[in-house]
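Same chain, two partners: chain A is paired with chain B first, then with chain C.
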Partner chain A sequence: MLACHVRNCTKDNFPLAFADVELVVKPAEENLDFLRRFLPKLDWRALVDTARSLGDTALPDDMPATWTDEQLQALHHVLLEIHVEEGKMICRGCGHVYPIQNGIPNMLLAEHEISR
Partner chain B sequence: MSRPEELAPPEIFYGDTEARKYTGKWVSIWFFCIMAFEVHGGPQSQQLSALSYPSCLLPATSPISHLSPSRAPADIRSTRVQNIQAQMTDRALELLQLPPGESAFLLDIGCGSGLSGEILDEDGHVWVGVDISPSMLEVALEREVEGDLMLHDIGQGFGFRPGTFDGCISISVLQWLMNADTSTNSPPQRLTRFFTTLHSALKNPSRAVFQFYPNSDDQVQLITQCAQRAGFGGGLVVDYPNSRKARKMYLCLMVGQQEVPKGLDGEEMTSSDKAKKREQIQNERRRRRDSGRDGKKGKKKSSKDLTGKEWVLKKKDLYRTRGKEGVPLDSKYTARKRRVKF
Partner chain C sequence: MPLYFLRVSLEHLSFRIPELLSIAKLFEFELKILSTDIYRGVIVIEVDKDEYVERILDRGVLVISVSKLYAEATNYEDLHAQLKEKRELFEPDLDACFKITLECVNNRPLDKRYRQVVEDFSWTELRGKIDLKNPDIEFVVLEDYDHVTLHTRQARLDRDGKFQKVYFGKRMGFSRARPVINVQDIKQRAFYGNTSMEAEMGLLLAGQALLIYDPFVGTGSLLYAVAHWGASVIGSDIDARQFRGKQKGKDVTPGIFRAAAAYGYDQRFLDVVAFDVTHGPWRRGGFLDAIVTDPPYGVRAGAKRLGKSTTRKRNTLRDEPYQFDDGTFAHERPGYLPPSKPYELVDLTLDLVQLSRYLLVPGGRLVFFLPTVNDDFEHVDVPVVEGMREVKHEDGSLQDFGKWGRRLITMEKTATDDGPMPTFGDHSELTEERLPGHHQFNKRYLEGFKPREGGEGSEETSEAEEQAPAEEMAQLKV
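Let's look at the complex of A and B:
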């Protein structure tokens, strides 16, 4: 859900690519109704690509028109249970690196990168 | 100094020592200090000077020791401050008016150690927290809060995709945006950036509720002005306006819930409209022609060409757009000559 917000970075700034990741799976309570409402906000292509780059291949290529509970569970696993504990997020457009430490991405920008 | 904003920028004020006070050992002292701030109505409070009292530097065991020994540290954490924080979060949630019974995707701005986030959890919402202080986020990690955390300066704007969040709450944060800590950041600019990016990150329709302690009416005006410019509707909600202690300000902003003026109906413009439009266009052309005739085209008046009064007005305008306080009003007496009178 996060795009690069560096100044003048308007092309190719979504999704941010992960690198050097350390994954942790934390079980979370399932809330399939919430997920159903969340679906229209997702950029499916970006989500599947990101999930694949993190080594999770449970999601289908195209967004299913009707959702079975299993598919929703797979989505739940990808969205809410996989946490990136350490690593980097890299913007494909400008190459800005956002480091992730202890599961907290550092989105701070330097003075010259702040958009007007 | 009565306000923490005046002491240091947030990432430094909520540094390691301050944040450690939120964890078990140091917790009670911090809460006493915060209590003084929250309970005594924030801005007017002089109680924070208690911070400098040497007793505050004692380890937490001393304030704890006079309590009954049966009280566990967890008990001590749930002091009145937490209740006040909880009350404010509850009130903010109430103002958000989310559809009942549904879990929403919320943004918690200035989540700190996740006090407000826990309340969102209790109501079954999924949330993302942003904060500028790494130390506070560390505490949040130790407390194992549910939401995703992010280290982010809200004055730099968000990178969230449009329409991501169903709502946004923030407790006691906005006043931090009013400081110019470095020479390069100006509060109006940071506020504008914050509000515009937030506006796009919220879905339509949705609400954002900010609880904050403004320093003066000018600050309130500046904040609401910036929010309106960013496209938000809504306004201030003041709880208990007559009480000095319990008075709380909530800025309740709305995305797309107001009635917007409708566009003109029908396919064609009516003939009178057309005529008016044509006239406008003609006048526009003449205006351009006239302005092009005198002097060089498209060149701004240099400061040397300005008269004294024009120069003063220009400067005052500049200061106002920069958000400087106390710029005198314009009048017919502005920049008049003071002749010697005999």
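Let's look at the complex of A and C:
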């Protein structure tokens, strides 16, 4: 859901690419109704590509028109359970590096990147 | 419809009715408040079924206990007379194991009188076994006294029995939500900060939403409460130290997750991210069910946003990254913190409402605290944004601290689109006509809330005087 928001960075600023990641799987409460409602908000292409870059290939190429519970569980795993504990998120547009430490991404901008 | 009387908390008076109404709305039942004076310790309500009372007991943080109302009166003769006419009320419980409890609001009954009050009910001919520890049925006599301060023992003894009203009924149960206040007590939390919010308030704000966001998460106090009712939560803050905690290094669980785990809510804490709301990375809006927040007032923990403060020597932002002599860039060093400037509360509240209009789903809710100077507050101070509607009961809810108070503002998104991302620009036009009660709140807090005329008024006139000669000069030139 996060895009690069550096000043004047408007092209290719989503999705952010992961690099040097350490993954942790933390179980999360399953709430399939919540996921169903969340579906239209997703950018499917970006999600699948990102999941694959992290080594999870359970999601199909195209967004299924009707969802089986199994597919929803795979989505639940990708969206809510895979945590990037350490690593970086890099903007494809401007190259800004957002570090992730202890599972907390730091999306603060540097001085010269703040929009006026 | 059957009547019930609620014994309610004597704290947070103006929050109690809105809480009951919101529970009724959440579980979709009709609730009527019959008490005329809603600031007493007892509230009489009307609902359709006992089942709805259970919902109130599940969720009512400010409710202590609920009983079915049999009779109410201003003295015992009247009470007994009324009850004798409704003897059929006791029919079903005649053989049940029971006890009779005397409770008082704002008073402690004398033991002798307690016994007398209970024995006066002997005419009911309840045949069941009396069990004071585990009765099946508990009858409640509730005396409601005025709140007065009495300094002598004799005065307290004399007042005993001189209540305003007495209620009699059958206990439905005690609130199951209220003990959560103690569970979430800040002092027992695995991780907390110096401005953590009290648990009681946090629990009050929590609604029924599935995905809730706090843009000023701090140490996460509000999110624990919200997560308690089952929502998934995300949070953000400009200052990551607040939720990371003191410990540093790899394999350290950030404080906010540690505390969440201690409560067993860690599965509901989806993410916490460090960023400034006014320079946020949201790709799209319209996906949050609720935004719940206690924004920074700027008194203890200062409210900050990215930018350069005007008081700094170099008060414009650099266009190029700063490079040290050794060729490294400042912003690439570990521990780099971008410059920040104070965030005026007037700007912040309007930004918050505009951001909510963008991020919430239609019908989603924004709940936040607005600290204001009580004398200066007028309802127009609450920011108005197209597409957001304020939800309130009568004068709204206020946690009163004397000269200042924090007001709980609830808003609902009525717009069906998300609109553009707000620009978080300058809102100085808001303060032109009239200064809102929360303008420069931190400064006025530190000044002890002196009335405005003296301090800022004189500044304004001096500014006006300065401008006036300039205008005269201009006219002269013409």
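As a working rule, the second predicted complex is superposed on the first by the 116 of 116 C-alpha atoms of A that agree within 3 Å, B and C clash if a C-alpha of one lies under 4 Å from a C-alpha of the other, contacts with A are read in each partner's own complex, and residues count from 1 in each chain.
We take it that a residue touches a chain if its C-beta (ideal position, glycine included) is under 8 Å from a C-beta of that chain, and two chains touch if they have at least 3 such contacts.
Given the structure is predicted, the values throughout are model-derived calculations rather than measurements.
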Overlaying the two complexes on chain A, which is it for chain B and chain C: clash or fit?
-> clash
First (chain B), second (chain C), both or neither touched by A:27 = second
First (chain B), second (chain C), both or neither touched by A:103 = both
After lining up the shared chain so the two structures overlap, which partner does A:52 touch, if you call chain B first and chain C second: first, second, both or neither?
-> neither
Using the superposition on chain A described above, determine whether A:36 touches chain B (first), chain C (second), both, or neither.
-> neither
Would you sort A:111 into first (chain B), second (chain C), both or neither based on which partner it touches?
-> both
Thinking of the overlay built on chain A, is A:86 touched by chain B (first), by chain C (second), by both, or by neither?
-> second
Name the residues of chain A shared by its contacts with chain B and its contacts with chain C.
-> 1-5, 14, 28, 31, 33-34, 37-38, 41, 43, 80, 102-109, 111, 114-116
Using the touch rule from the top, collect the residues of chain A that touch chain B in their complex.
-> 1-5, 13-14, 28, 31, 33-34, 37-38, 41, 43, 80, 102-109, 111, 114-116
The chain A residues in contact with chain C across the complex are 1-5, 14, 26-29, 31, 33-34, 37-38, 41, 43, 80, 86, 97, 102-112, 114-116
Chain A contact footprint on chain C (complex, rising order) = 210-211, 232, 238, 240, 243-244, 250, 252-254, 257, 266-268, 270-276, 279-284, 286-287, 306-307, 317-322, 330-332, 336-339
Under the touch definition given earlier, write down the residues of chain B that touch chain A in their complex.
-> 102-103, 105, 124, 126, 130, 132, 134, 137-138, 141, 146, 148-153, 156-161, 163-164, 184, 193, 197, 203
